[in-house]
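Two complexes, one shared chain (chain A), two partners (chain B, chain C).
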Partner chain A sequence: MPSTDRRRFLTSAVLGGSAVAGATALGSLAPETAFAAPRIDLEPGARDPNFAEGRITAISGSLLKVSGSDKALHRIYVTHGTSIWKLRPTTFDEIKVGDGLYARGVKMPDGALAADAVWVNIVNLDAAITAIDSGRLHLDHHGNKVVGHVVNGTTAAVYNHTPAISDLSGLQVGKHVKVIGAWRPDTNEVDIATVYAGI
Partner chain B sequence: MIEWPASVQPLFIGGTLLWSGGLKCFGRSARRSAERSALPSLVGEGRALAAYRLTGALELALAAVLLLPPARLVETAAAVVLGAGFLGYLTYAKVVAPDSSCGCLSKRRTPVTWRSFARAGLVTAAALLGTQAGGWWAGGLGAGTAVLLAAEVAALLALSPEADGLWLLPLRRLRIRMRHPLADRSFEMPLESSLQQLLASPAYRQVGPLLRSGLRETWDEEDARILCYTAEYEGTAATAVFAVPLRHYSPEDIRVALVDESTESTLLVGA
Partner chain C sequence: MGCSNSGAPAYGEMSWFCCGAAWGPCGSAGGGACGTCNSSSHQCAWPNASDACFNITRPDQCGEGLARRTCGHVFYVTSRCSGSCVSVSIADCGPDTNSFCGERTCCGSACASNRLIDLTPSAYSAIASLSTGLSPVRIDS
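After this line comes the complex of A and B, so read on.
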């Protein structure tokens, strides 16, 4: 299905109301249904089989080869049902060799991970703002300089736990912030998705 | 001619050494500063703190003889040696342990940069100039030397990352108060705001346990933002489609549908 038709179909499914044939109204799910997913009991300290992290060393087809920070090698399958985050929800062709990732999914019998969700280059920094210029925040992250790029249409700010807004004029030099963003591999630069600050 | 600026250099170097030596000997976080510096790789983990304190004691002793009469050439010469030694230490730290902090003038963690070298160079140059002094510094005090001393202290502070909080950050804060560089951004509803609204909604509570993926896809549809997730419903893969109000906050109005994209059929709708 072409992507515009697909989006039209999905939109009408959620906004079309009761006109959709064959659909049942959804009541609240009973707890036993809601939590029916199999739970995995892990030994303390054991490796979670349904999680992988590391740097991408090769991409072939829909398979990512990843070298973990603990030297473990992972094979990760990305399907059309996998969510991919790289600064924003994005598509498989945005993933590049050299990117870092976290992946969650289901371990398959051959040892590969069928990914439900992949987060590429995601970082979470606690830092202090040392300077602001147009389009950039200069951050001090435990003594290391980090440059945070503001991305128009994407970067949002959350002040004092209020709803996120695109207005960044509340950010102040010298204040502490928490930054969720996408690292630019092998640099000290990140693109900012959300910056959390106090006012 | 060179004697009047030279005569007050012992005062400048002595003051600087009092600051750095005092911090190394009596600072509360001396142990942490020593561990973060390049000393552990130079003299070994166990001896880093002792070496750090010993350096501080040497600096204090040198500061004392520089500040107290009589003035001798050997004092400023020792300061030159100390300055040159410190430049050598900085080079070592930059090459061997680039991640280490210089641990020089404060407990703040500050990596070795060009400013560290410029500052050590300034102190060494002042000590070199000081070797030309004729007598004790108190004899050379005057309006000219006061200006010179003030300029040297200003240069020292300007080159110290530790002192940025005193002048650089307030200056930047003032500039931003006058004109914030990020104030002219377009007003759009960020995705994060829609996600916050979604997480607070009854619709999300209903189907949340069925969701398998993170946010897969999103687009705007007139006054709604559509958010798609992969879900698992009765053993089959489905797409959970949420419609979040785009321009107002009302999580109760968020709608959801579970859709099987392979058969283009809607499995469930919730309101």
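After this line comes the complex of A and C, so read on.
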């Protein structure tokens, strides 16, 4: 779906009142289509009106009420066209009060955001591996300890530019890695989606 | 200048980072080396933003001769996966390029080596999905 059509679809989905849907039916479109626009015209350094971040304080139907880290309040509509990520591509029913999120979409006339994509609890950690034990990577993230949990069937490793594989045996203590994962709210623990490591 | 039309673009990997007020492990990120960094703004981190910054990131050790560009400088970053472009201003030092020398990321036949730029989540998500983590880009000044 072209980006402009997708935006029109998202807007009409919200304005038409069809945003509320069976939870498991949401999040069906590929996120790549949200990034097909040739150019984003926004002043460099400016705050992006089509982006929101923060923690979910309430869920009402398909509306997420979010308290921004800067204390701004956001209302984010999830529609049939919204792609949802929480450790993996997933569905609306996986989103919980207390989760953190980043969202991108279309600002509605009433100030709410109709979401193209929502990334729930996503973290991107540049860290050093300090220890490896059964099912866990112990990480030093800028001086803070973070425990990374290996999730069977989900966690993958990318060694340089190799395809993602489930074999984590190439990870080494002392090496730097990048971890894409999902934060476990109010802890120093994450579930690992992908760990990028050199070879 | 603007997207994909400068005379001497740089090609490399981009990733994203959080800064400013934030939740989760990002909560202690702060305002970055320039003191103005915010995850909701279109900003970036650049490895050669100052002498002190360069001494940490050392892109030269990966064979990257990146120009000195300081706080507020504007780059145009084009995803080689989607073709989308975003303009960003420098707000922090990074990425730690020399920790990942030789790392390579591909998107189809478009490949790039070495981490040259980190974008805030708002900027990165304008041209790529945050779940990708790394992506090949062209950087114009």
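Here is the rule we go by: the second predicted complex is superposed on the first by the 156 of 199 C-alpha atoms of A that agree within 3 Å, B and C clash if a C-alpha of one lies under 4 Å from a C-alpha of the other, contacts with A are read in each partner's own complex, and residues count from 1 in each chain.
The definition used in the following text is that contacts are C-beta pairs under 8 Å (C-beta built on N, C-alpha and C of every residue); 3 or more make two chains touch, one makes a residue touch a chain.
If you're wondering where the values come from, they're calculated on a predicted model, not measured in any experiment.
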Which superposed partner A:Gly81 touches (first chain B, second chain C, both, neither): first
Contacts of A:His141 with chain B and chain C, given as first, second, both or neither: second
Which of chain B and chain C A:Asn124 touches, first, second, both or neither: second
Which of chain B and chain C A:Lys178 touches, first, second, both or neither: second
Partner chain in contact with A:Thr154 - chain B first, chain C second, else both or neither: first
Touching partner for A:Gly61 - first (chain B), second (chain C), both, neither: neither
Partner chain(s) touched by A:Pro109 [first = chain B, second = chain C, both, neither]: neither
Touched partner set for A:Ser169, first chain B, second chain C, both or neither: first
Doubly contacted chain A residues - partners chain C and chain B: 34-35, 37, 83, 85, 117, 119, 142, 144, 193-194
Chain C - residues contacting chain A, complex: 3, 15-18, 20-26, 28, 36, 38-43, 72, 74-75, 79, 81-89, 91, 95-96, 99-106, 111, 121-123, 125-131, 133-134
Of all residues in chain B, those that touch chain A in their complex: 101, 108-111, 164-165, 169, 172-173, 176, 180-183, 185-193, 196-197, 205-210, 212-219, 221, 224, 226, 228-230, 237, 239, 241-243, 249, 255-259, 261, 264-271
Chain A residues within the chain B interface of the complex: 1, 6-7, 9-11, 13-15, 17-18, 20-29, 33-35, 37, 81-85, 88-89, 116-117, 119, 130-135, 142-144, 150, 152-156, 158, 163-169, 171-174, 193-194
Complex interface listing, chain A residues touching chain C: 31-32, 34-40, 42-48, 51-55, 68-71, 83, 85, 100, 102, 104, 117, 119, 121-126, 141-142, 144, 146, 160-161, 176, 178, 180, 183, 185, 188, 190, 193-194, 196, 198
